[in-house]
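What follows are several structures.
Next come two complexes, and both contain chain A; in the first it sits with chain B, in the second with chain C.
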Partner chain A sequence: MQLALIILVPLLGAFAPALRRRDPVWRLALFAGLPALLSFSLLLSLLPQVLAGEVLVYQWDWISQLGLSFALRLDGLGWLFATLITGMGTLIIAYARYYFEGKATSGRFYSLILLFMFAMLGIVLSENLLFMLVFWELTSLVSFLLIGFNWHSQGARRGARMSLVITGGGGLLLLAGLLLLGQMAGSYQLSEVLLAGERIKADPRYPVMLSLVLLGAFTKSAQFPFHLWLPHAMSAPTPVSAYLHSATMVKAGLFLMARLHPAIADTELWFNLVVPTGMLTLMVGAFVAMFMHDIKGLLAYSTISHLGLIALLLGLGTPLAVSAALFHLVCHALFKAPLFMMAGMVDQATGSRDMQRINGLWRYMPVLMVLTAVPAAAMAGLPLMSGYLSKKMLFVESLQVSYPFWTTVVPVWVTLAGLFSVAYSIRIFHNVFYNGRPLDLPIYPPRQPSRRAMAPLALLTLGCLVVGFAPALVYDKVVAMAVNAASGTLVPAYDFSALSVARWPMIMSIIAMIGGALFYLARNPLFAIHSRLPEVDAKNIFEWIVDRAIAYSQRRVYQLENGSLQRYLALILVTTVGLGGWALLRFDQWQGPIALSPVDAMSVFGASVICLAALGVVVFHHARLPALLALGVCGLFVTLAFARFSAPDLALTQLSVEVMAVVIMMLALSFLPQRSPHESSLPRWTRDLTVAGIAGIGVGGLAYAVLTRPVDSISDFFLANAVPGGGGTNVVNVILVDFRGFDTLGEITVLGIAAVAVYAFTRDLHLKERVAQIADEHWVADPHPVILSMVARLVLPIALLVSAYIFLRGHNMPGGGFIAGLITAAALTLQYMAGGLVWAQERMLTQFRPLIGGGILLAGVTGMGAWVFGYPFLTSTFGYFSLPLVGKFELASALLFDLGVYATVVGSTLLILANLGKLMTVAGPGKEIG
Partner chain B sequence: MTDVAIPWVLELLIAVFLLVGALVALLGTLGLVRFPDFYTRLHAPTKASTLGVGCTLLGSMIYFSVIKEGISAQEVLITLFLFVTAPVSAHMMAKAALHRRVNAVKRTRQTPWSEE
Partner chain C sequence: MIAWVIPIALGLFSLGMLFCLYRLAVGPDIIDRVLALDTLMINGIAVIVLADIQMALGIIFEAALLIALMGFIGTVAMTKYLLRGDVIE
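Up next, the complex of A and B:
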């Protein structure tokens, strides 16, 4: 439970700053700082247990069928990272309190940073691989928001997008990799995966899985060539860079590599993938950093280089390499974060981050200078500093590589990279605080940073010193248990005294230090050469690629989806015919065992009328009104067919649907050109005719085949149970409101959504061309003739009476809510047509959207009412009552459900109709119709 | 249901109503075919739907009132609807035609309220 609290506290805490955005910054910092601190102290309180080697697991099943569970795990490795995340987070929150002084955006920052902390804690404390991936993607998303924090700047937006594409894309690869891993291990639970190392490495899918997982880790941890997003993420506010892009998020990839180490690491493939990548990253980052004039740019590339270093160590596979990697990871967090904080303070004090202009700040900020000296020295790896030790550990490990070729390459390579890192460390310190005087700074003289703002910085600096002076203590208490957890065995204690006397590492260190200093001294000619090189901005290249990709996919989409309805129909039909035809290839018996019913004159007549009318639609389709009328004829004859083959309910429904459909279609079609041009060529005619013909004949044939076969359907059950089960003799209605009530509920919901969508589409639509057509000044141009409007008013009560009658008798005789709703809608439509939109709208008792919502709600609540009596959803009940005058009658709870259907149908139909009608008017009525 | 005996007077009445209704409907249909332009054509089905269907409904009303208990009132409602709606529809159609300036044949153009 404590475990769950550790990650949930920041999540809950994230709400407070977001809700109290207007509060002063210090209070927001308090809101944000307390949850972080609480998580941190919870972790500290668990330290004894973790030190004792316990693995705490908290598990709560979520979707066990998918192997997905809400499972947390705290062991040494998780503890180390979680403590870094919460501790560093607390300090950053304290630092940001000064960084955001007087800015209105601090509330957003604080809630995002807590959200980020939550996601990060989720990664490092997950026991379930899939669960971890959810948090993994969550960090990408929150990081996107944080990098794009200053969304009004184009650089920030582009940087954010770039990082999302790269890290999010990496997350997808990781998903694939983890799924494979889970399959190979037979479980997604970490405890089981970690034990299945032998089996996993022997699996033939191992190379694929490993590449995918490593790609995920590399993109997140900015390994070459995916490092490009990290420098561009520097457009984020400095606290974000300090937290996400040096101390936590970029370490997630390394964490993953360490976490899965027992399961997937230490094979030749692992070495060949990880070591070269780490080496390249290490070198590229260290080399480019030297030439960055932006302080944060330099720090970003230096971070990349250090990430490469840690990855390299994780890949080496020598006995103590993992110890060195995790030790350096801690050191790096301790010295990189204060340097970032320094960068932010200098930026705020001088208004610039350009090291060619910021010089000689020691006069203005002596305290900051002293505080920066320590982490900068640590980064350079000067003696007595934490970085000195970790770098030396690297040298020691590099000398122990046993793979042929690499035995000499790796030590030389890391010495060279060490040289560069010394150079840029000197540069960041020397260029900022010495090197002459400031050159035309935007803010001059520089503002004094507040003393209290330096407190977090001072704490971290102190941390650097502690690690430098007492490495064995820190290692034993904090790192060793993480190393044990990461390597899955008990690793012997690291012998720091042996480190100081080792000969070769000492020589390598000295070479790096002297070489670095020399390199720095030669900086001016080097900068001159660098400035003459063509400038390559990765962001532009990235944007170019994105633009090209978008243009390409748009072209491809357009090839398929060019706005031609004919093409869509053709595609759908061809696909259907293709699939259906393929399935029917071996089908030779169209005629089933049931004998055909005798042909009678009426049926022939009706069928021919339907055929002719359908043909008429095609022939007249250039003129919309005749085509619509022909369509109406089809509909009416279908109604007659229903009535003839004893389906009165369907007939009634079809009839009322037909009326409303024609009215709405007429309204909608009037927005299109009144005549469509003749443009089809003969080949297209042939093509269309063929496709339509095959599809039509196919459907006809299928219907024939089905109708001539005996079908053992559920209808007998419905017929037998309608009265005892549903209390109604109208089986159709009982099915609708009772047996298949859930279907109906879904259908009216869809209907309501469709209507609201029409409302949303037409709400802000103004069709200016619709104003006044032919000769409206003519004397018959009387939009609302008196006779019609008077008679319409007369008809309304009668129609409503019919509607009520149909509704009430629905359960036992043809009728029901749907039909009644359509009749009411038709009657009200008549009012709209006769009296005009404004006139009718003024007289409507309710808006339509509440009607729709109320209807769905009523239906739903009626269904839920069954729960009260312990029955499943939508069970209906009924009883027989009698009243004087009325006599015996039946009341069913289904009636209430039906009332919901009724309200939804009325509301939806009228909402669509009135909003389409509004488009016809010049400016629309004064207020919205909804 | 034909086993209920209907008095011959009523039977005659029903038959007359049905036949008259059918005849009027036939005339209306003929008119629809024969008349030369929209305005004249409009007359035929209007009469057919009121008078023709009205007669048929009367016949039906008598028939069902006899073979079932009580008076069959549904037909009254239908008739009411028809009598209210048919003229109004015809009126609206005429107005629409005028509005769209549908041509009338020459012979019918005698304007009694000639403004000249």
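Up next, the complex of A and C:
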């Protein structure tokens, strides 16, 4: 339970600074610092249990089918990292209180920092691998927000994007790797994964899994070649750099490597992957750091170098190497953060971070100088400092390597890197505080940092000193249990006394120190050479790569999806024919047992007319109007077919839809040229004809095969239950509004959305001038012929009467809301055509969009009415009533549902029609319709 | 008697439909084609009524009613377009 509290307290605390952004900085710092401090104290209270070797687990199942659960775990390694996160977090919050003095953005900063703390704690305390991944991605996201904190600056935005792409991409690879790992181990819970080490390493998928997991870890921990995002993340405010990019987030990858150590490490592949990467990172970081003139840039590259160092030690894999790695991790956090804080203070005091201009600050900030001397000496690895010990441990381990090639290369390499690190450590101290007088500072004389601002810095410096003077104490209390957890075995305590007398490491340290000092003294000629080299900005290269990748994928996509409807249809048909045909080819017999029914002349006639009309559309398709007419013939004969096979509802619906479709298509056609050009070539015709022919024959054959086989359809159920269940004798209508009412509700919603979409599209649409036709000179003068107006006026009440009749009888006889709606819409369309848009709109008092919405609402409310009586949604009821003259009749609640359908259909159709008509008027679009 | 009257009537109306289809395919002017479609629909009314009587269903008549009531709306739209270039003005 306490484990859950440790994680949740920062999350809950993140809301307070966000909500109270206008409060003064000190109060926000208090709101932020208290949760961090609380988590820290909770962790300290759990120390005795963890020291005793207990592993605390807290679990709550979430999605057990996927193996995902809220599971937290606290062992030595987790405790070490969690304490580092919360403790460092508290100090950073305190430091930020002075950094953000006078700025209004501290509220956002504090909530983001607490959110980050929550995410980071989630990574280190998580027991379930997938659960940990969620937090992994969350840290990438929050880091993105924090790097881009000063979002006005373009450099910050670009840097943030680059970091998100690299760390997010690594997260994807990590997901794949962890999924594989979970499958190989049989579970995603760490307790089980860590015990399955032998099985995992023997699995054939091990190389793939290891590469993926390591790639994820390397991108997060800025290993070569993914280290480029870290220097460009330095555009973040200094507290962010001190917290995320030196002490916590970049260590997440290394944490993962240590955490999964018992499961996936100690193989030759591990050594071959991790050690070279670590070594490259170590050297690249150390070498480039020297040439950075920006303080934070130097510190960024030195962080990269130290991360490479820790990775190298983890790669060496022996328990002693792991001890060295974790010890150095602690030391690094303790000396890097105060150096970053120093950078921030110098930046705010002088207005510049350029070390070529900042010199000789010892006169102005003596206290800061003293406080900085300790971490800088630790970073250099000077005797009596923590860094000295960890460097020596590194040298000792590097000499233990037994592989033939590496056994000479690694110690030499490590000494060289040590040399560079001494050089840049001297530089960061000497160049800032000594080295002559300040040159051209924006703020001169430099402002004094307040005493209280240096308190966090002082605490950390004290920490460095403690570790330096009493290493064994710190190791036993804090690091040893972490090493035990990471190796999975009990490792004997590190012998620090033996460290000071080892011969070769001592020689290596001395070489590094003297060499580094000489390198530093020779810096000026080296800077001159460096400044003559061409400038390379990693952000530019990164963005160039991204742009090229995007352009390439766009080209590939457009090759396939070029916007041509013919292409899509052809692809769909070919795929269908291919897959379906391939499956169906195994049929030995097309015809089934059912005998064919006798053929009558009318059916043959109708079928042949449909075929001929369809062919006619193809033949006429260049002349659009004749093609439309042929299409109308098809529609009419489909209606006759429905009538022939006694499907009256379908016939009525097909008829009504046909009328509306013709009108709407005419509206659209009037804006296209009368004839479409001849664009296809003979090979293309042949191809299209073949594809269409095979598809048609295939579907026809399939229908034949299905129809000649006996099938038990669901229609029996509906036929049997229409009257007792729905109260209506028209089975089709009962299915639509009762049995499958939910389906119909969805369909009218879609219809409404389509109509509103047409409305939105045509709202301010100004189409180009129409193509001039030959017939233009012969237009008849009269826009509204009298005969048509008269007939239209007579038809309207009759059509409405018929519409009402069809609507009311729909439940028991062919009819229903949909057909009635279409009849009404057709009659109203006639008014629009006969009287003109303006005339009709004056008389059309109902707005269309409310009509659509009202229809859907009515249908939905009718369904919800069933809830009032305790029945499921859309349960309908019916009853029989009798009126004096009318007699007995049946009334169902589905009638209201049908009314909703009716209203929606009328509204949608008229909305589409009126808006398309408004577009096509020669006078141009006018007032909004609907 | 009604048993052989209806097939003959159906046959004659089908012949009428064939003539309309011929005019739709051949009709030199566009208006011939439009009128052919309209006449086809009228024939359709007759065919539906006769088919319903023959099959003795009694429920298909409304389809004929609807064709009679609404069938001309499509023709009106096309004719308006031919006369004025605009369907709704």
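Following the convention adopted for this analysis, the second predicted complex is superposed on the first by the 548 of 930 C-alpha atoms of A that agree within 3 Å, B and C clash if a C-alpha of one lies under 4 Å from a C-alpha of the other, contacts with A are read in each partner's own complex, and residues count from 1 in each chain.
We adopt the following convention: contacts are C-beta pairs under 8 Å (C-beta built on N, C-alpha and C of every residue); 3 or more make two chains touch, one makes a residue touch a chain.
Quick caveat, the model's predicted, so the values are computed rather than measured.
Asker: Does chain C touch more residues of chain A than chain B does, or is it the other way round?
Answerer: Partner with more touched residues of chain A: C.
Asker: Taking the superposition on A as described, I'd like to know which of chain B and chain C A:V795 touches: first, second, both or neither.
Answerer: both
Asker: So, does A:V412 touch the first partner chain B, the second partner chain C, both, or neither?
Answerer: Touch partners of A:V412: none, neither chain B nor chain C.
Asker: Please work out whether A:I787 is in contact with chain B alone, chain C alone, both, or neither, and reply first, second, both or neither.
Answerer: In the superposition, A:I787 contacts chain B only.
Asker: Looking at the overlay, what does A:P626 touch: chain B (first), chain C (second), both, or neither?
Answerer: second
Asker: Return first, second, both or neither, reflecting whether A:M813 touches chain B, chain C, both chains, or no partner chain.
Answerer: A:M813 contacts chain C only, not chain B.
Asker: Once the shared chain is lined up, is A:V208 touching chain B (first), chain C (second), both, or neither of them?
Answerer: It touches nothing on chain B or chain C.
Asker: Should A:L579 be classified as contacting the first partner (chain B), the second (chain C), both, or neither?
Answerer: Neither chain B nor chain C is touched by A:L579.
Asker: Just to be sure I read the superposition right, which of the two partners does A:L640 touch: chain B = first, chain C = second, or both, or neither?
Answerer: Once the two structures are laid over each other on A, A:L640 reaches chain C alone.
Asker: If you lay the two complexes on top of each other, which residues of chain A touch chain B in one and chain C in the other?
Answerer: On chain A, the overlap between the chain B and chain C contacts is residues 775, 780, 788, 795, 798, 802.
Asker: Using the touch definition up top, name the residues of chain A that touch chain B in the complex.
Answerer: 774-775, 778, 780-782, 785, 787-788, 791, 794-795, 798, 802
Asker: Applying the document's contact rule, which stretches of chain A touch chain C when the two form their complex?
Answerer: 601-602, 605, 609, 612-613, 616, 625-626, 628-630, 632-633, 636, 639-640, 643-644, 646, 648, 651-652, 655-656, 658-659, 662-663, 666-667, 669-670, 770, 773, 775-776, 779-780, 783-784, 788, 795, 798-799, 802, 806, 813-815, 823, 826-827, 829-830, 832-834, 836-837, 913-914, 917-918, 920-922
Asker: Once bound in the complex, which stretches of chain C touch chain A?
Answerer: 10-11, 14, 17, 21, 24-25, 30, 33-34, 36-37, 40-41, 44, 47-48, 51-52, 55, 57, 59-60, 62-63, 65-67, 69-71, 73-74, 76-78, 80-89
Asker: If we count contacts the way the header does, which residues on chain B are in touch with chain A in the complex?
Answerer: 77, 80-81, 84-85, 88, 91-92, 95, 98-101
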